[in-house]
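Below are the structure tokens for one structure; questions will follow.
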Amino acid sequence: MAEKVGVYVCHCGSNIAGKVDVEDVAKWAGEKVKDVAVSRDYKFMCSSLGQKLVEDDIREQGLTRVVVAACSPHLHEKTFRRACSNAGLNPYLMEMTNIREHCSWVHKDRAAATEKARSLVSASIERVKFQEPLEPMFVDVNRATLVIGGGIAGLQATLELADAGYPVYLVERQPSIGGHMAQFDKTFPTLDCSACILTPKMSEVGQHENVTLLTYAELEEVSGSVGNFKVRIRQKARHVVFDDCTGCGICVEKCPRKVLDTEFEAGMGNRKAIYMPFPQAVPRVPVIDTESCIWFERQKCRACEKLCPTNAIDFDQEDEMIEIEVGNIIMATGWDAFDTRKIPQYGYGRLANVYTSLEFERLCNAAGPTNGKIVLRDGKTEPKSVAIVHCVGSRDERHNPYCSGICCMASLKLGHLVLEKTDAEVYSFYIDMRTNQKNYEEFYQRLLGEGMRFVRGKVAEVTDAARKPSEQGKLIVQCEDTLVGRQQRFPVDMVILMGAIEPQVDAREMGLKCGISCSMEGWYTERHPKLDPVATMTDGIFVAGACQGPKDIPASVAQGAAAAARVAGMITKGKVMIEPIVASIDEEGCSGCRICNNLCPYNAIEYDAEAKVSRVITALCKGCGTCVSACPAGAIRGAHFSDRQIFAEIQGALWDAWQPRGGASEEAEAVPVSAP
Amino acid sequence: MVADTPSDNRSKFLRDVIADTPEGERIVHCLQCGSCGGSCPNGAEMNYTPRAVIAMIAADRREEVLTSNTMWQCVSCYFCTSRCPQDIPITEIMYALKRMSIREGKARKTDAPALAKTFTDLVEKYGRSFEFGIASRYLLFNRPMSMLKSSGMGMSMFAKGRLALTPTRIRQVKQLRAIINKARELSQHD
Amino acid sequence: MSDQKFEPKIVGFLCNWCSYRAADLAGSARIMHAPNVRIIRVMCSGRVDPSFVLKALSMGADGVMIAGCHPGECHYLEQNYKAMRRFGMLQHTLRGLGVEDKRVQLVWASAAEGQRLADAIDQLVADVRELGPLQWAGNWEENGERLQALEDIVKEHEEAMEVTA
Amino acid sequence: MKYAYYPGCSLEAGSAAYDKSVRAVLEQLGVELDELDDWNCCGATEYFSQNELVATSVIARNLALVDGEHDQLVAPCAACFLNLKKTDKLLSEQPVMKGKVDEALAAGGLSYRPGRVRVRHLLDMLYTDIGQEAIRAKVVQPLNGLRVAPYYGCQIVRPLNGFDNPEYPMKMDEMFEWLGAEVVDYPVKAHCCGGHMTQISEPEAFELIRRLLQSADEYQADVILCMCPMCQLNLDAYQGRVNGHFGTSFKLPIVFFTQLLGVALGIEMKKLGFGKELVSAEPVIRSKLDGSSVGAAT
């Protein structure tokens, strides 16, 4: 049976027509290619008039297949599928040919681009003839959502959804929610007290009837797909019975083992072996750090157990697995700080008074180890001069090529705090000042007025090797003042390194668990960088906050809310469409060899031992097609990407290379190497 | 067809420097951060810092760069190269500028080309270099006063047996010369 | 035709999630590259059946590109590793057929790597241009039996490899 | 273990102590070192300032001379090491240049395939191939009580070393800790000695030398350990003139690291080339170590 194919070649204004002779391509397809009933070119196919053209032809000419040669299917496949649907043609009988991104935009030579466009159109025509009508599938969306990460982005997303009346599971690996924001003293550019604006949100989450808070817990495994994920979570042993603990804090007070707190206090202060990271922690239930607890070390002490008024201490507690079911997942796993030791010429770890920005945040935090007094490592001397070094590990091909985005503003904030709390001079060493958000440039101007000194130059080194008496006992910051064009040395008392914002070390691994990918640097990849910034390529998985790229607090909050809105939309709709691009097994042809069983990473193929055949569980299949190409019997069919369709497409693409006896389309099924 | 390169609007000087420097294409990625100028042990003595030189190359200020002392103050310590956040081979660019400066007769303010020439002349004659030959010839012709000042040191070195008066000559010096001549001839073709 | 400069015809199998989008990105960023590769979209590089490649070569392609997400970044978690293993086996087969290694290349490009994909296309085109036209389509028919044998080898290899996967 | 050895011109005369101690130490450690036959000067930095193709061809001759018995070439001098390594890299990465260098080598009847010879610095070879255990096992005179300042200079650790941190190298520090010495962790250990500036413009060179001497002196080093002939020459031979220029009174012995390693291995000082340095090292070494077991220099 001959199909009636309609071919539509888009000019896209001059975007395509400027480099591809679209009239010629349309004319050629209409005259030379078999089974083409209609072939047109049009200024803008995606316009309503362009779509109408297709619809009218389907109705009036009785087209059975449609090829639209325009932009990427990732942009307008939905548009033209809808048009076909409107005219009563199954949407999966339409094929898009990408002659813009893959052709007119990337080739200089008009003749070559036109020739390539012909081949691509020819490939689509041959393919579309073998396409089959498919029906999309719908599944119910579970109303519960999993939020991973209890920093500001995750908290915002959690509250938005919980307040809308939907159940939320919030998983945080630290003993308390709050994230990095809890460590800061002030926030830029308003200089709000960080704790004052964060802790109300934390306690709201802690008390919310719709929120199940799982702190000190790790994501183990995700299975299922959009609408119906099954998630396994490891609740690490706190060694404190959650429901019995009142959070009185006696155990912490009486614990005799003090250890350096390298997490919340960034190594600037101590905590006990049983601890809550900070006073406003949520939940107010401590954990025992078994690495430093005397009982776990040498079976002595148990002071906390003896003194606990509610007998909540349980040394024998073990990790517990929790299984939950959710419809959507929001990843808000945040960021990690660059290890400034990787740049030895800045002296961190060797020169005492070189600090990381997180250390300094704790140093000037009123609730920090010095109660907010800015002093050198000796604990008493106030610095007379402070240097702030920008771009430590960012904008650097040797470490992270990207700009960390927030450090310029953070250094202005830190500079302000030094000027406010001490008599010190403050120098800021920058490459470019980046203050491009609302009220940020104004904050820069404020610091200029406050007397912070700005030197344009990336710091070459920080050293204690004095060259003259005035440098003795100082840290010398050496750089080129590029605006003056001279090398300069600045003797100071304290140096703050603005380390890069990096992805969490296990971001890639976490992404893999949820089936989402990372950029080369390790940031989660959004579905579209401009138009779909919080969705991912995996339906039902969203990203928010700094795990998607360096971000400050306002941007993280906005993304948290945006992700929640997307999820709320899914829940409200109640059902989600799943592309019918799945594999299926012809049981007649299946020999029961089970090769395909192990190939599927989603365990979507099960083996029926009785019937001795394998079967695809359609709901689990994601349609990659690996099993299709592996089946030795050729018994697996990949819907919309069948062997027959792809063979025809290859043949069409090479219409000008292959000289068949009777024209391009006749041999499509009788090719020398074909699947049985 | 190759990827589109925006070479058309690059200055002549920039194109020349890129052509004469291995991996020189990186130069266009300069952020003008100054970590080279800040790191250079001799940076304070230079007419222009390496960063400024890169900006001047892009701006086609050939005469000012090639007559400057910047590249001749370079001691090949590679701090700039190893610290450059953009992987620009700055030390190699300095070598390229030295070569261009000599080739175009712009190296006037420094004795470095003379030292280099003395050194390589000896290598071509004997196949090996030796300090006494270099020091005596170079200083005699170029810095007679300095020769007197450092003669005390030279004498101590001699007394310690550290100054050879005669060079070692390699056996296949003719082979070496054939290689050098061929290389010199091939480099003329550019 | 014969006195004109040889323009290779190449078929590219690009996975929907990374490399196809890399080609899209190359487009929106206007990264110029050779027009010789005719792109066919598959959902995953794991979908590329070795017989697709043989088919393309038999139909007159001078080269083939298979492109997928970077190892470890596969949209389908790990299916590109399977493509990688299969590719090794395919190369073995192609060598047996006298097809030079450089005619069929496997490349990785993430959705963010338009430049990388464009470079890979230019490289492949340059490599194939240097090798010259693949003289295969003409003698395809008469080699039918040999090819059937090869197809059997392909399947055998697959079985051997996939079972231990 | 067997290595081809490229001593370089400086080790023939001005820095004979380096050559002498390298040979003595490696013999003691049982390493076979075969001097490359008829090697030529690497051209230091001087050829690269004039003609890049000639520079690489001159160096490539040495790589081409390495016979089939050897696949590793050890160079103790910083400039030689960098030049040999850089040339091998250039030839593998720059096809146009490789074509021309091939032609130049062919004019002398030679050829070289990039990557065939692995160029190693002596420190890397001692640290990595011989290693802590083998070296420690041979120590007969621990260096306890001697404060040493390892000085790495530039061209060995930057830009192509691949075996140590280019900013803050540690391998020599570690090695002398194995030997029992007190290692001085001073900030300028990989800064520049001035290189050939001593011969071009003394004031600049003297300032660079002073920075090194001053820092080592502030950290109370007894001796500075070098691994480059130029560094040793600048710090040692010019020390008197630097003192004159700045009115300082540094009196720091500068020796090659292999000389002191030899002492630890129990080799007589005279076999290690001691006595050639202008600021004498022997008295301080003898006074800090147990003099009786240190082999006499004269």
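For clarity, chains are labelled A, B, C and D in written order, and residue numbers in each chain start from 1.
One rule holds in what follows: contacts are C-beta pairs under 8 Å (C-beta built on N, C-alpha and C of every residue); 3 or more make two chains touch, one makes a residue touch a chain.
This structure is a prediction, so every number in the text was calculated from the model and none was measured.
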- Query: Which chain has its C-alpha centre closest to the mean of all protein C-alpha atoms shown?
  - Reply: A
- Query: If you tally contacting C-beta pairs, which pair wins, A-C or A-B?
  - Reply: A-C
- Round to the nearest whole Å and give the separation of the Cα centres of chain A and chain C. 30
- Item | Between chain B and chain C, centroid-to-centroid distance (C-alpha), Å | 47
- In whole angstrom, the CA-centroid distance of chain B from chain D equals 22
- Query: By residue number and range, which residues of chain A touch two or more other chains?
  - Reply: 107-109, 112, 345
- Query: Going by the touch rule set out above, which residues of chain C reach two or more other chains?
  - Reply: 30-33, 35, 118
- Of all residues in chain B, the ones touching two or more other chains: 1, 4, 79, 83
- Message: Touching residues of chain C toward chain A in the complex: what are they?
- Response: 7, 9, 11, 17-18, 20-21, 23-28, 30-33, 35-36, 38-44, 46-52, 54-56, 58-61, 69-70, 72-79, 82-83, 86, 110-112, 118, 137, 140-141, 144, 147, 151, 155, 158-159, 162-163, 165
- Where on chain A does chain B make contact in their complex? 107-109, 112, 345, 391, 395-398, 431-432, 456-461, 478-482, 485-488
- Message: List the residues on chain A that touch chain C in their complex, please.
- Response: 72-74, 98, 100-103, 105-109, 112-113, 115-116, 119-120, 123, 508, 512, 515, 517-520, 525, 537-538, 581, 593, 595, 598-599, 601-602, 622-626, 628-630, 632, 638, 641, 643, 646-647, 649-651, 653-654, 656-659, 671-675
- Item | Interfacial residue positions of chain B with respect to chain A in the complex | 1, 4, 31-40, 43-44, 48-49, 51-52, 79, 83, 85-87
- Task: Please give the residue numbers of chain B that touch chain D in the complex, ascending.
- Result: 20, 22-23, 41-42, 45, 72-73, 75-79, 81-83, 91, 95-96, 98-99, 102, 110-113, 115-117, 119-120, 123, 127-132, 134-135, 138-139, 146, 149-150, 153, 156-157, 160-164, 168, 170-172, 175-176, 178-184, 186-187
